[in-house]
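The two complexes that follow have chain A in common; it is paired with chain B in the first and with chain C in the second.
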Partner chain A sequence: MSFVGKRILGVLLILIFGSTTAFCQEKTYFSDSTSFFEFLSNQEQVPGLKFRFTLPANFQLPAKDTAIWNRADLGMWYSNSIDSISQLKKFRSGLDSILASSANFQYLIYDEPSTEAAASEFVSALLRNNDIFPAEKKNINSQDLVLLAQDSPFQPGFNVGFGYFSDFKIFMIALIITVFFLIAGGMIFFMILFKSRRNRREQLRSDFEKEISSPLSQILFNLSLEEIKNLPNEEIEIYFPAHRLSNKLFKEVLIENIISLNKKMKGDFKDKLKALFKRLGLYKISESKVNSKKWDAIVSGLIQINEMDLEEFLPLVKKHLNSPNFHIRTNAAATLLNLSREVDLSFLKNQKYPLSNWQQMNYLRIIKYLYPTRKLLMVSLFDSENITVRLFGYKLVRMVGRVDLVEKIGGIATKASDEEKIEILKTIQVLGVPSYTTLINSSMQSTNDKLSRQAIKAAGSLGDKSSEKMILELLAQNRRFEIKMLLMESLKKLNYESFKTYVLNEEDQDTQAIYHHLEDPLLSYV
Partner chain B sequence: MKKILLIEDDLLISSLVEFRLNKDGYITLTVKDGNEGIHAINTENPDLIITDVMMPFKNGIEIIHHARKEKPNTPIIVLSSLGEEESIVLEAFNLGVSDFISKPFNPNELAMRVKRILR
Partner chain C sequence: MYSFLFYLILEILGVIFLVLSFSVILVYLTVMILSALEMRDHLKKNRFIDFNDIITSPIAPGVSILAPAFNEGKSIVQNVKSLLSLHYGKTEVIIINDGSRDDTLERLIHAFELEKTRFAYEEKINTKTVRGIYKSKNRSYVKLIVIDKENGGKADALNAGINISSLEILACIDVDCILSQDAISKMVRPFMEETNRKVIAVGGVIGIANNCDVTDGTVTTYRVPSSLFGRFQVIEYFRAFLMGRMAWTRINGLMLISGAFGFFKRELVVEVGGYFTKTVGEDMELVVRMRRYMEERNIPYKVGFIPDPLCWTEVPEDEKTLSKQRNRWIRGSIETLQLHQEIRLNPSYGILGMLSYPYWSLFEKMAPVLETLGVLYTLVLIIIGDFSAFYFIAIFLVMYLLTILVSSFSILYEQIAFNNYKDRKDLNRLIMTILIEPFLVHPKVVWWGLRGHWDFIKGKGGWGQMIRHGFKKSEDKKNLESTLTS
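And now, the complex of A and B:
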């Protein structure tokens, strides 16, 4: 146990055991009425405590005694209140035998009649609170010491040490309060510790950034790319001292700064930064990060490999392509696409996890940037068992204009799900490939609203006579305004004469409204 | 020697640009936020101002407004990120900035433009 821990435990033990003394003092002072009366006799007077005698209401009080006895509301007789025990004794001795035998003794606490038990407790409380102190015994000599000792009530020893433990509730409350303060104290201590460590780290980072900016500028402006690649160790030490390059935080800040500059710079500066990254051996940190078990470290390593074009680490990157962690597999795929000599998407074929729209957009951005200069291998996407990968494939055909793959996806369409058919129809429509009227016509009849809408749109661009006939059949069946508008728009594109004839024959309000909308040059594209 | 005020909160970029401009023989004064930039415009009387757009306290547009009011003849080059809103760029041009360079940029290209403006 640490020094602090021992101290805390010590305080805890003092709290538990030390307080038991107080518990022992809370014992009743008077074991019986005799000891109580003896105490009162010795004390003579107790503040707030008085005495009196009472007589029954039917008692025939002699006329001579009416001066010292009063009659109460209920008819009972009572004496004047007596302040001290000596007065009490004197009063009692003054009573004749008849009166003495009939009179009852009564305690008064602040002039209120009380029982002996209440009076005893009242006096005990005064003693406990140190409001009164026991008077010294009168007429005590050495021979009475044994008798005097008997007056002190016996306190059993086992109560002294384990008072709190024997009282379970008090012990639990003390324990909970102690644990609460220990936890709160511990939390505050660790918060202060972490905060100070973080502040120190931030300060160091800021200092390192200032230290790095000047040598980086000198290297980038004073040295050529070849000079940076062949920079001797002695010269590196001039820019970055060896003790700094052995500091992990310094290297992290250096990496961050090089990558940040790489993003903000254009031209040969990018190549110089990449050359410097390699020359300083910072790629070792990227390699160790990619092999780390922490997901954030892996992502950071992947970004470094991607930004610094560390092609030699592609085998390491490939290990993370099917990672269960979204960020890892997204960054691994982006890195692989960026650094490979050809854009081979076969790695997506066996992707177990669904491709989110964000991932698809991200990959598409990279592919669109690379496609003009690199070979794009994407046929394997359509063989994937993962529907999101196949959907991405259909979108990709459309985005990069791969007309040569339309036949392939058109063949898939017959067995495809409605969701896939929608994307295939969109692709066929955008690329303007005819001869898919069978697919279009069958999809127009689909009960899936999204699919039929997409098919109707495609029919307008790619349909034939059979499509026209189907549109007219659907118009005859369909009463929904939105679908009717789509059908009429497609019919207008397919055969304007047929469209006009339909409008002339249909006099309902919706048809006429749609007709005027479509014929209005300002509204027709709305 | 011509004095150039560089208002840029990115320490690395400012260090690099400063180094390049010093190499060309200019005196550069670098500040890292809008408030310091406005103070420097008032007190330093620069021959050219290069300013970033997104900065703490006061952005580049506010700085251009101030510079146009206080030093209407001082040329200004705006150094900004590509992703920044078109409206900001248009506003900067409407306020009469001399040139606009978007990040990522080549410091050598910036130095050439500075030389052309201060010729």
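And now, the complex of A and C:
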């Protein structure tokens, strides 16, 4: 057994032994009146316990005894109360025979007459509570410890009750241990199962990959596109045995290999791979994945549809365009972009969720690829209610180089939000379209820091005399280092002479530092 | 009377320790479950991502890599070359020579053909005097900027780097770290994926490079360190990164991003005033302050974490250096928690105030103190004869088994997710370390932690008074610097 296993067993053993904790059971102190009286004789005196004798009411008491006997209300005679057994014995021995035979013995608990059973229980209670301790027998042999132990008022016994509940701490410990072992055991079991399944799966994958690579190459290099399309079932089985093609994992590995090759290869090979994918019926897996409830399966299905150009599944893809799951809607949009014959981008326009940069990056890659061959209606993006889509639209104009759309976005800029103006200004600047100095100049004066910075940068590239004048005005007002640097940089680009004059007239430390920075050739390509 | 009080206190302490033990178990089991879920999702996501797109995309953000260097003369040139060769388009590599007393700067100047520029340096964040900013004449090194400044510590050096950085994301790293070629692409992804919540920072895993083979700036063969302290740190790093931080990421409660490998939104870092130079826990403090800033303005945000092995470093294997490091870490935690005591159990700070802060206070900061108190309590019970062997053995075994369970799971996570340690002997050595660590290493870690507490109480590192008062608002750090300057 492993080290850990031994440890676990150790704790379990503690638990097992712990659950049958030994307890002691109290026995009755006095089994009969003889043992009780023996105890009293030995004890001599018990606090709260006294004794007396009684005589019937009609008893003719000799006159000499009337001093020690009293008559109660009901007429019964009773003796004075006696404190100890020795006094009791003495009293009894002093009685004449007639009296002794007629007298009844009585116990008094706190001066109240009681029965022998009550007196016995009273004394037992005192013993239990350690209010009195049994007097040692004078005649016991002090060396006979065994006998002494046997005379103990306790006797061993097993209480099968669950001991933990009687002690809070022990109960808590038991609870912690139980919870710990249950959860830990569950997790260990799950992880071991997961790991072993994964290992088995990896091994199978590796075996399948070896089986797949050779027939796949043979098909690609030996068969024409038409032959692949019309490949009879019997021939397919030569390449891929039927029992393998019914194996789900085998088909998955096959799909992955086909997709991987499709990414690497060009021209005819791509078509052959797509034809083979369809001929082997692997599209059914893609279809079932897209209809799955698991997000990763849906994404995997979408990627397969995208890579294998499965246009017939576009209606299924469209269902996922506004999925709350980021990865699903990203891949759905990418697939739709890639496979649609007419890309009006209206699905992007209607996106409910904000477009992340990640999505924009993916869409841009596809759009750039499609742009030369397909007509893209980017204009629709400018009308989207989703600001991130509109921003993406302005970026697209810049990145695809659609100078023809600058006029359109320039018109939008007057009513657009600051965030949009920044993107529009960047586009205008990058595409180098002049005649937007009004927009640039007004934006330079904006209180929005980001907008004014972008406008200052644009002014450097596209500004005119009015921009130069405004830059100089802003330089006179602005003391912030960062803005001043941008203004001076733009002024330098717009009119070097004006820039030099400004620097000559301004002798403050910041202006000189910025001047030297802008003039340093090493820093010109920071 | 006094006897009664004494026993009453003992009883109360007993219950407290019991509840604590119970909480520790629950917390660790929860952490294990949360991290497993997060890891599963991360691995699923990674299946569908092609990171090559990011490298050249015009939409990908620019990354300023900041690497402070102090007396790194021997390895600086190789390290900078490694940073310059990372696969990512928009980057600038800013090396900050923090007043090195060796030939770090001279080697850089010589190797990269640097020349002092007339860079217009604006001190947005106060730092020690910057003596010069260098750039290369050689166009091959156009991305490289070297700052030479007076020594002010790592946080001060990073602040100088932040001041001259110009790109959207800051990658703050230790210059001697080995980064994987695709490290930046992978770390930038969470920033690019942000939609409704702003991603303010992303942390990464630090791997242990001791005893590993490194080729072309990447770890090619993994081997566990030969010393017990080294192996202990491998397991500890697995626990911290693959379990702890993954679990906190799951609930967006991450409070610490390692100073050796962390990515931040530059705009926000500047807005909150950069690193706080008066604490030894500057990495944790910055993350907490950035989070406070977002919480105080009710801006939805996220702190991300990437568990992929992307960064490796050499860890100290000698007891003296390790004890100093642990002392510094615990003081860093205490100082950060003191500085931001305003958020403690404050519902307006959400998970940060109600979960992350109390967790760090109890299970990280106070752990050495509580463990020592537990030992003292047991000793008192033994002395007064009220000691229950069953109680003690049960608690001890549960804790020991819990440690083994957590550590084993962290190794299992690594095996399932990345499977870097392929040699069975290495795994066996790690398992053996797990079994003996609670007896041989953990007591020392507790002791170093206690000394950290003591050093904090003594006011080691200065600024104790101010740290004790804490920041009332996240901008207080900025205001403090302005006051000092004026």
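Assume the second predicted complex is superposed on the first by the 304 of 526 C-alpha atoms of A that agree within 3 Å, B and C clash if a C-alpha of one lies under 4 Å from a C-alpha of the other, contacts with A are read in each partner's own complex, and residues count from 1 in each chain.
The rule is short, and it goes like this: contacts are C-beta pairs under 8 Å (C-beta built on N, C-alpha and C of every residue); 3 or more make two chains touch, one makes a residue touch a chain.
The structure presented is a predicted model; accordingly, all values stated were derived computationally and were not measured.
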Partner chain(s) touched by A:Asn230 [first = chain B, second = chain C, both, neither]: neither
Chain B or chain C, by number of chain A residues touched: C
Touched partner set for A:Ile173, first chain B, second chain C, both or neither: second
A:Ser417 touches, of chain B and chain C: first, second, both or neither? neither
First, second, both or neither for A:Ser260, with chain B first and chain C second: first
Chain B versus chain C as contact partner of A:Asn104, first or second or both or neither: neither
Chain B versus chain C as contact partner of A:Glu209, first or second or both or neither: first
Overlap of chain C and chain B interfaces on chain A (superposed complexes): none
Chain A partner contacts - residues on chain B that touch it in the complex: 10-13, 15-16, 18-20, 23, 103-109
Chain B contact footprint on chain A (complex, rising order): 209-210, 212-214, 216-218, 220-221, 257, 260-261, 263-267, 269
Residues of chain A defined as touching chain C within the complex: 3-4, 7-8, 10-11, 14, 18, 168-170, 172-173, 175-177, 179-180, 183-184, 187-188, 191, 194-195, 198, 295-296, 299-300, 303, 326-327, 331, 353-358, 360-362, 364-365, 395, 399, 481-482, 485, 510, 513-514, 516-520, 522-523, 525-526
Complex contacts: residues of chain C adjacent to chain A: 14-15, 18, 21-22, 25-26, 29, 32-33, 44-45, 47-48, 53-54, 57-61, 92, 115, 117-122, 124, 135-137, 139, 142, 145, 166, 189, 191-196, 388, 390-391, 393-395, 397-398, 400-402, 404-405, 409, 412, 415-416, 435
